[in-house]
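Both complexes shown next keep subunit A, but they swap its partner, so subunit B is in the first and subunit C is in the second.
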Partner chain A sequence: MATLDLSHITKSFGTAQVLRDIDLAIKDKEFVVFVGPSGCGKSTLLRIVAGLEEATSGKIFIDGRDVSREPPVQRGIAMVFQSYALYPHLTVYENIAFPLRVQRLAEAEVRQKVTKAADILQLTDKLDLKPGQLSGGQRQRVAIGRSIVRNPKVFLFDEPLSNLDAALRGDMRVELSQLHGSLNATMIYVTHDQVEAMTMADRIVVLNAGKVEQFGTPMELYHHPATKFVAGFIGQPNMNLIPSTVKGTGSDGLTVELSGGHVMTIPVETKGVSAGAKVEVGIRPENVELGRGMDVKINVLERLGGVSITYGTLAGTRFCASLPGDAAIREGETIGLTMNPRDAHVFDAAGKVLRRTMAPALVA
Partner chain B sequence: MLMDRYSLLQKIGIYIGIFIFLLFVLLPFIEMFRVSLRPLDHLMTADFTWWSNDFSFQAYRDMWVTVPLLGRYILNSIFIATAVTIMTMVVVVPAAYSYARLDFPFKSLSLGLFLAVNMFTGAVLLIPLYRVMRTLGLLNSYWAMIIPGVAFLIPTGIWLLRSYLEKIPKELEEAAYVDGASRMYTLRRVVLPLAVPGLIVVATSVFIGAYAQQFLFAITFNNQRELQPLPAGLFEFIGYQDVTWNQMMAAALTGVLPVMLFFLLLQKYLVAGLTAGAVKE
Partner chain C sequence: MSESLFAWLLIAPAIVFIGFIVAWPLVETIRLSFTDADLGGENWIGWANYAELFSDPKFYDIVWRTFYWMFLSVILKLVMGLIGASLLNAAVPGKALFRVLVMPPWVIPIAIGVIGWKWLYNGYFGLISGVLQNLGLVEDRVALLATKTSAFYSAVVTDVWVGTPMVTLFFLAAMQGVSRDLYEAAWVDGAGRWYRFRRITIPQIMPVIVSMALLSAIWTFNSFEIIWILTEGGPRGATTTLIIDTYKVAISSQRFGEGAARAVVIVILLAIFSLFYLFFLNKVNKRYGAK
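Coming up: the complex of A and B.
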């Protein structure tokens, strides 16, 4: 059992406010990812949870107990650092055993725990090597090994995969997910990579400029982004945002005219908007298809095989579309695109979403 | 690497440069050695010759007779320098670590003061130091030569070691802290083992400093013959009638020899320590 609750956490460095009133309730055994652009405060938040940094105000509860003033080891957390932070002068065995040595456990117990961790992480034949003799992925595993020997309640990962090459990153993603399953522990994972967030998380915290933009499951964030920021951050390629004007409201939704003249009625809640208001319509590249409606000029065409990604403009606004792999289109030409209005998102002038009324049901 | 390659002309230039530099540094030693080999009367009369058949190692035998305490002086020198080194390091290691990692009031001010102290040579402070030593009743003891030595070498030691410790990644210490290790445990198990090359460099420079400066403190704060280090002891080769220059040079070279051998052995670490910037993972 390990729940983690953050209550009104703020953090300032001098006059710069890095975190503003962070309120989160993380459930037992949950895999939560903090994601956001660099400088959004996600690493600082993790370091506050770890006890490496002190919050300017606010409280942290683990299993309902206030740990705000306690050192990391008493909080029952373990942390894996971005640079792995392995001790270069110690063997893999001693690196993994380090937290146990600090506790002055008997040699037999140390051996048993290190062996078990090495077994889980496939490091058994590497125990006598120094970190310098290992590959990046192996070092990463040693760092994880060092965090699991102590049986912490909460695991903290600070961008653990960012130093690995793309292929290895994919493998480690799967391994970490499996590890989460087998350890049955609460895990918090910081990354700037939305793919890592989408693939690994039970729930995602999107941070922007020190605030929580949205906290929800990956598919919730994908189908119901609360703000323009979340919409732009989640999904690959990024969502297109088209400046539009409201033509009218009705029971079937909001009728808008996109820049370029295309008119459609989008099924969203219309409370608070009226004809003439400026809004932005969000269209995901994967939701459009060749047809009649929006005229898009293609500047760059990337054929990836299964899909063709086009980068172009719709009446002066950048517009990206994901089309079938062998669509008969060429760079430089203007094509017609169409879409189902149910798939569109609408954001008001403040960047807040108008909730979709006919979005697909969320899968777990 | 390609950028490390030099043309023949550059290489010749580099070697000429090294040669001139070494000549400057080593010529006094060569001259010392030549003098130590020549008979005394030869020294006073003969014209300059590079080599003569009268050369012998006789002075290396006679010097022990002329100055019976010579062996003691050499051991004193090594003892004083070693004691200064150990005491300095005991102070410098925690101080340098604090300056590298901790935050405390007047941190940069005190660090600047340490540098300022270094600008005074011991000579300027000899009179006040003499009074301090007399008040403490430490004159004419080993302490009189060790304590000022330690005091003058601490600032350089702190500055040198601090910059080395700062290069050890902070995350290593954070990881240890997260795992429950105390500051002292982390210092002992993580920081110091990684700082070994830096420690050797600092200890060496302190030792050399202690060896070089002991002359001044010895002739001012100590007049007990048995406690004198070699540089002060060499004065005994200056007699009422004549100066046995050849024996004095022989004794000086003999005194430096053990230390030089020791540093030759350490050289490997010295070079590694002086060039090692980043601590590799």
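Coming up: the complex of A and C.
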């Protein structure tokens, strides 16, 4: 059992408030990803959990025990750093053994634990090498090995894949997910990469400007983004946000006129909005298709094979669409796009979502 | 113009320069060491200067004293430098001020600093003697430069005082180059301050420690002005190192030939020492992963 609860965590550096009232309850064996743009406070939050940074106020509970005032080693956490933080003068073996040496374990026990970790991470034939002789992915594994041997309750990863090239990043993503499965431990993972967040997380915490925007499963965030920020952050390519005006409300939802004149009725809760209000309609690039409706001018066309991504404008607003790979379209032309209003999202002037009433059921 | 000729042209100025300031004086010194040169002229006398030197028991005392002086002073400088750099590297308020305050021994002209020390050591009006007497720790005045043992160790203290700031700043620079992540990773793993210092800081700055030890050793070996201003090699030769002895013979007594023989011995000793050291440095760099 290793739950992690954060209660009203705030953090200020001088007058700059980096974290505002963070409340999170992370379940045992959960893989939780903190995601957000740089400067959103996600690394600071992780460092507070690790004990490398002290929260200005608030409490941290691991397994229900208040560890807010305890040094890192007593919290039962292990951390993998973005830079890997390997000791360049020590061999892979000694790097992995470092936490055990600190604990002054007997040599036989050290050997047994290091060998086991090296086995899990396929580092057995690298144990005598120095970190400088390893590739980026291998260094990453050594750093993970060093965290495994301590048998921590909670693993903390601070952007561990950001120094790797794209192909390796993909491989390591899979390896980390498998590792999570085999270690059966609670893991917190910080990244600015929404693909990592979507693919690895059981649940995602989206942070923005020191606040939790939303905490939910990847598909929840995708289908039910709570705010405009989450909507724009999750999904690739990003969701289009079209300035629109409310024309009327009814039992079937909200009737809006998109900039450019296209009118549609979107099935969302209409409480608190009335005709004439300014809203933004969120349309995911993958939810549109060629047809009569919105007139979009294509500025750039990227043919990726299976899909064609178009970057253009809808009445002056940037509009991206993901269309079939062989769509008969050209750069520079204006095309008509249509969509099912059930797939649209609506955000009020404050950026809060109007809950969708006919969204698809969430898959597990 | 052929490529190699052009290459030679490019390095010619450097070769000429080194020839004038290094090679020629060195050759000339070696030649002088085989003569009885003085103000009256010179005659070739073969190995006579060396024979005399190596048959003089006092010369072995001087060689021994020089190495003792060097090792003692260098070790003290390194230890003080490590302690100083660690303190300056700690996150304490006003550390910028402390970093500046380390500098004076290095920055003020050596002669002036050493004259200050000469006053401190003086038996009649020296601060040290005065304080010791006033505290009742000694009965009579203490002239630290007047007895053989105290003069030697007083000279070491002054040499350490002059040499420590540079060592400290080099160590500090090296410590600041150690990634903070390494310390944080070790801290997360439960390593205490001393453990981190021993297993991270020291190995990480080891190449700098070894390089500084070599440079400092050569400078200390050849350190002239500190001893000369304090004691001129006295009392009764207690602070006479090879370089002081060479100066006394070659310049004070104007026996250039004999002085040159001593200078050649210094060059050979330092060359052997440096070779041994570079070999060692190479090993350290391999072990501690310097590029």
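In the analysis below, the second predicted complex is superposed on the first by the 364 of 364 C-alpha atoms of A that agree within 3 Å, B and C clash if a C-alpha of one lies under 4 Å from a C-alpha of the other, contacts with A are read in each partner's own complex, and residues count from 1 in each chain.
Going forward, a contact is a pair of C-beta atoms (placed from the backbone, for glycine too) under 8 Å apart; a residue touches a chain by one contact, two chains touch by 3 or more.
Quick caveat, the model's predicted, so the values are computed rather than measured.
Visitor: Overlaying on subunit A: subunit B and subunit C, fit or clash?
Guide: Clash - subunit B and subunit C, as placed by superposing on subunit A, overlap.
Visitor: Counting only touches as set out at the top, which of subunit B and subunit C does A:A2 meet: first, second, both, neither?
Guide: neither
Visitor: Determine, under the contact definition given at the top, whether A:Q103 touches first (subunit B), second (subunit C), both, or neither.
Guide: Both partners.
Visitor: Does subunit B (first) or subunit C (second) touch A:I77, or do both, or does neither?
Guide: both
Visitor: Which partner does A:A50 reach: the first (subunit B), the second (subunit C), both, or neither?
Guide: both
Visitor: Give one of first, second, both or neither to describe whether A:R139 is in contact with subunit B, with subunit C, with both, or with none.
Guide: first
Visitor: For subunit A, which residues lie in the overlap of the subunit B contacts and the subunit C contacts?
Guide: In the superposed arrangement, which is not itself an observed complex, subunit A uses residues 50-52, 71-73, 77-79, 81-83, 85, 87-89, 98-99, 101-103, 132, 146, 150 for both subunit B and subunit C.
Visitor: Under the definition above, what is the set of subunit A residues touching subunit B in their complex?
Guide: Per the stated touch rule, the residues are 50-52, 71-73, 77-79, 81-89, 98-99, 101-103, 131-132, 139, 146, 150.
Visitor: Could you pull out which subunit B residues touch subunit A in their complex?
Guide: 169, 171-172, 174-181, 185, 189-190, 193-194, 279-281
Visitor: Give every residue of subunit A touching subunit C within the complex, in rising order.
Guide: Touch list, subunit A to subunit C: 50-52, 71-73, 77-79, 81-83, 85, 87-90, 98-99, 101-103, 130, 132, 146, 150.
Visitor: Under the touch definition given earlier, write down the residues of subunit C that touch subunit A in their complex.
Guide: 179, 181-182, 184-191, 195, 199-200, 203-204, 206, 287-289
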